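Worksheet: the structure to be examined is printed underneath.
Chain nomenclature is as follows: A, B and C, assigned in order of appearance, with residue numbering initiated at 1 for each chain independently.
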Amino acid sequence: MTRVTDSPSRPAPVRPPAARNRARNRKALLWSLRLGSIALVLVAWEITAASVGEDLLPSIGSVVSDGIPALISEGHAAEFGQTLIRMLIGFAIACAIALPAGALMGASKFWADILTPYAYGIYMAPRPALLPLLILTFGAGATFGIVMVLLFAVFFPLINTAKGVSEVVNGPLYEMTKSLQVSRWRVLFAVLIPGSLPYVLAGIRLGLGMAFNGILLAELWTAYSTGGLLEAMISYHQLPEYFALAGLIGLTAVASYSLFGVFERRVRRKRGMAVTGAFGEAS
Amino acid sequence: MTTVLSKVSAGRLARVALAIAVFFVAWEAYGRTGRALAVPPFTEVCSELADVLTSGDLLGPTLGTAAVALTGFAIAGVLGALLGLLIGLFPIFRQVVGPWVNAAYATPMTMFIPIIGMYFGLGMGSQVFLVVTFCIFSVLMNTAEGVQAVPIQYYELAKTIGISKLAAVFRIVIPFALPYVFVGLRISVASAFAGAITAELLLATDDLGLMMMQASGNFQFVKLAALTFYVALLGFAAVGLVYALERWVAGRLRAAA
Amino acid sequence: MTAVGHTGHSQNAADPRADRGSAAGGESPGDGATRDYVELRGVGKTFTHGRQSRQILDDVTFSVREGEFCAIVGASGCGKSSILRVIDGLLEPDTGSVRVDGQDITGPNSQIGLVFQQFNLLPWKTVQENIMFGLESLKVSKAVKRERCRHWMSVVGLEEWSGHYPHQLSGGMQQRVSLARTMAREPSLVLMDEPFGALDALTRRFLQQEVVRLWQEGKRTGILVTHDIEEGLLLADRIFVMSANPGRIAAVVDVPFEHPRDEALQATAEFAQMKEHIWHLLTAEISKSSPYVRMRNDPSDG
């Protein structure tokens, strides 16, 4: 019997030269637009700085020449490092709570009903309102910051893990494992965790973003560590140093966000899942 | 639009209500132990809140905070929806502006609080600005997602019917993306109140934020707890209002169709 | 052609080529060498969703002989998939009993394999890893597992794709992996739940031929569930016609054609007659269960 070999779903596209050129031109246009937008922002900055004066907006040059060295010499970067460590501790605790709780919510309707009001309660309530209250219990030091990070960062990992686990457990894969008599432990490690991984990563990525906000809010409120530095810099009109530090914080946040985004895209691509464009957020 | 309640069985609703009730019972129990200054018993907080409400002291500050929050929310809503629409509709725009939006979303806007104060002064302007930075991203991203979720077939349908691209946007894209927009708006309004309180605590102490700080300064811890609870309720009420708004809009759309 | 219906409604005129009238349930006639491998008696199942309940299966009784390949043909949603899940031990019936190889079914076991409609491959594992994953619960040595994996990958023709991920394969190839995964466990009973429903017609035809070939090479018992009458006629020895709302075996039809059943057979008048016959049985049931639905060839029309 002749065997028909059907072809895979995605053969390598071989496009005619005309189409390839058009694609190349589009890519070139895109990158030139992107670089152009960066250049635009920098130019706009310089012009604004020049017109409003150093007191209001330092030129990029002064930020680089005065602010950046101060990061090292005045220990600003080191201080931010301390803040980062505190943030990561709080974030680790948040994940330690959110991931198992989310898995529970995803696997069981009962727990989903019980925990959902708490999850959304924390998210919808204006959390900064807790600043005056929590300082009474936790003082004005490191613990306070960690608690704020916990409150800010717990929601996204929780909800996204729940969604990921729910999809696996309520989907056809789960029934298949029962038919194949796979032991429940194996299902956890070989199916549940890999299956929910894309969502868990999304949750961690979004939660990390909130964690940054949490630690900075706490430290601004108590004028502690990095927050205190930022406020002091404004009080003493040390604008280049301020922008240098803010730049460092921003870069760290954007870098970690993007890094997790890269992970997530790779994980999704391997599974043949849709890799969404600019915004792959789970709201 | 059918309500969520009509689809959920009585058993599940009971579980949710029970979970919420457990929270308040636990609060009461922990409060009674007196171990945390910050956690008075629930009943005490309620009576204190009732006192403050009836005294009329809350009216002004509530309006003030709500004004800041809702103004910022409105601006962010319009700007965010517009930008989201553009990003969703035009791929080039999305691919150039998108990375900037992502970067802005990832940067903690809180670190700009000191300099916002310096630039915008210590008045409502800077407060509204902060609120906008807190709540614009939800609306923007959810709108963009909604617009991008419009299936290609709808566009093809529009072409065959022969309506202009602009008309297609209004009569096809926007109604389709509206549920997504409202998801973003609901999150956004909660963030707006968070932003307003943040502004009133860290930027220009005012209204409810000022009241809270005064209570804290005067060691009136029960009053502080009551005010915090009140602010939380305000946030929830705002989300409820957006839910109501969504149903009203949906009703008007259905009537117009 | 006499169809012995379980619901006992009027029989059609006897066809010169009278079938052997296989009884729907109970001992198999005459042929003492092959015993009943699968027996369902009075199986019933009702699903409750909140305040609504739907009876999916009602008094389903039939038997499948060892080495037989049977098809359950019925409209979508009539509960045929539920029957397979009951046999595989994934669904517990509310009433009645299920026995395979003389044993009551309490849960999935390694002698029964189920091929799903939606492939159900783990997207983060390669083809080979997926098949090995299917073998994990078996108590055989690693070497045996690897050999079976290799063997079945070559049987379905996917050895070159062993390191690929499911999303890189076409639907037909993914279903072949799913088939290989089930067959590698070497079950004596293979259940197939509309396995080719998600595929295009050409791939479907090809895979149907593959299944026939597999059954020629090794005698296993098989039950196929499908809404495609032709598929049933091409593959099965006997067809159980199912009615819906609630699901019941309405009729049992012997398929007298010899293998291989190819395109030439499909062009014959007999084939068309059988197809028509089963179609009538199906539509009669549909009209019965819903008085407002009248199919065009309803025999009760004038």
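What we mean here is this: a residue touches a chain if its C-beta (ideal position, glycine included) is under 8 Å from a C-beta of that chain, and two chains touch if they have at least 3 such contacts.
From a predicted model like this one, the values you see are computed outputs, not experimental measurements.
When the partners of subunit A are compared with those of subunit B, no chain appears in both lists.
Ranked by distance of CA centroids from subunit C, the top chain is B.
When every chain is reduced to the mean of its C-alpha atoms, the one closest to the centre of the whole protein set is A.
Averaged Cα coordinates give subunit A a centre that lies 20 Å from the centre of subunit B. One inter-chain figure worth recording: subunit B and subunit C are separated by 53 Å, centre to centre, where each centre is the mean of the chain's CA atoms.
With centres set at the average Cα position, the gap from subunit A to subunit C is 48 Å. Not a single residue position of subunit C touches two or more of the other chains. Residues of subunit A that touch subunit B in their complex: 29-30, 33-34, 37, 56, 109-110, 113-118, 121, 123-134, 136-137, 209, 212-213, 216-217, 220-221, 230-231, 233-234, 242, 246, 249-250, 253-254, 256-258, 277-279, 281, 283.
Residues of subunit B touching subunit A in their complex: 12, 15-16, 18-20, 23, 36-39, 87, 92, 94-103, 105-115, 117-119, 138, 141-142, 144-145, 148, 183-184, 187, 190, 193-198, 201-202, 212-213, 215-216, 221, 224-225, 228, 231-232, 234-236, 239. Per the touch definition, subunit C reaches subunit A in the complex via residues 88, 90, 108-110, 113-114, 116, 118, 120, 122-124, 133-134, 136-137, 157, 161, 164-173, 185, 203, 206, 209, 213.
Listed in rising order, the residues of subunit A touching subunit C in the complex are 1, 3-10, 172-173, 175-176, 178-183, 186, 190-191, 194-195, 197, 270-273.
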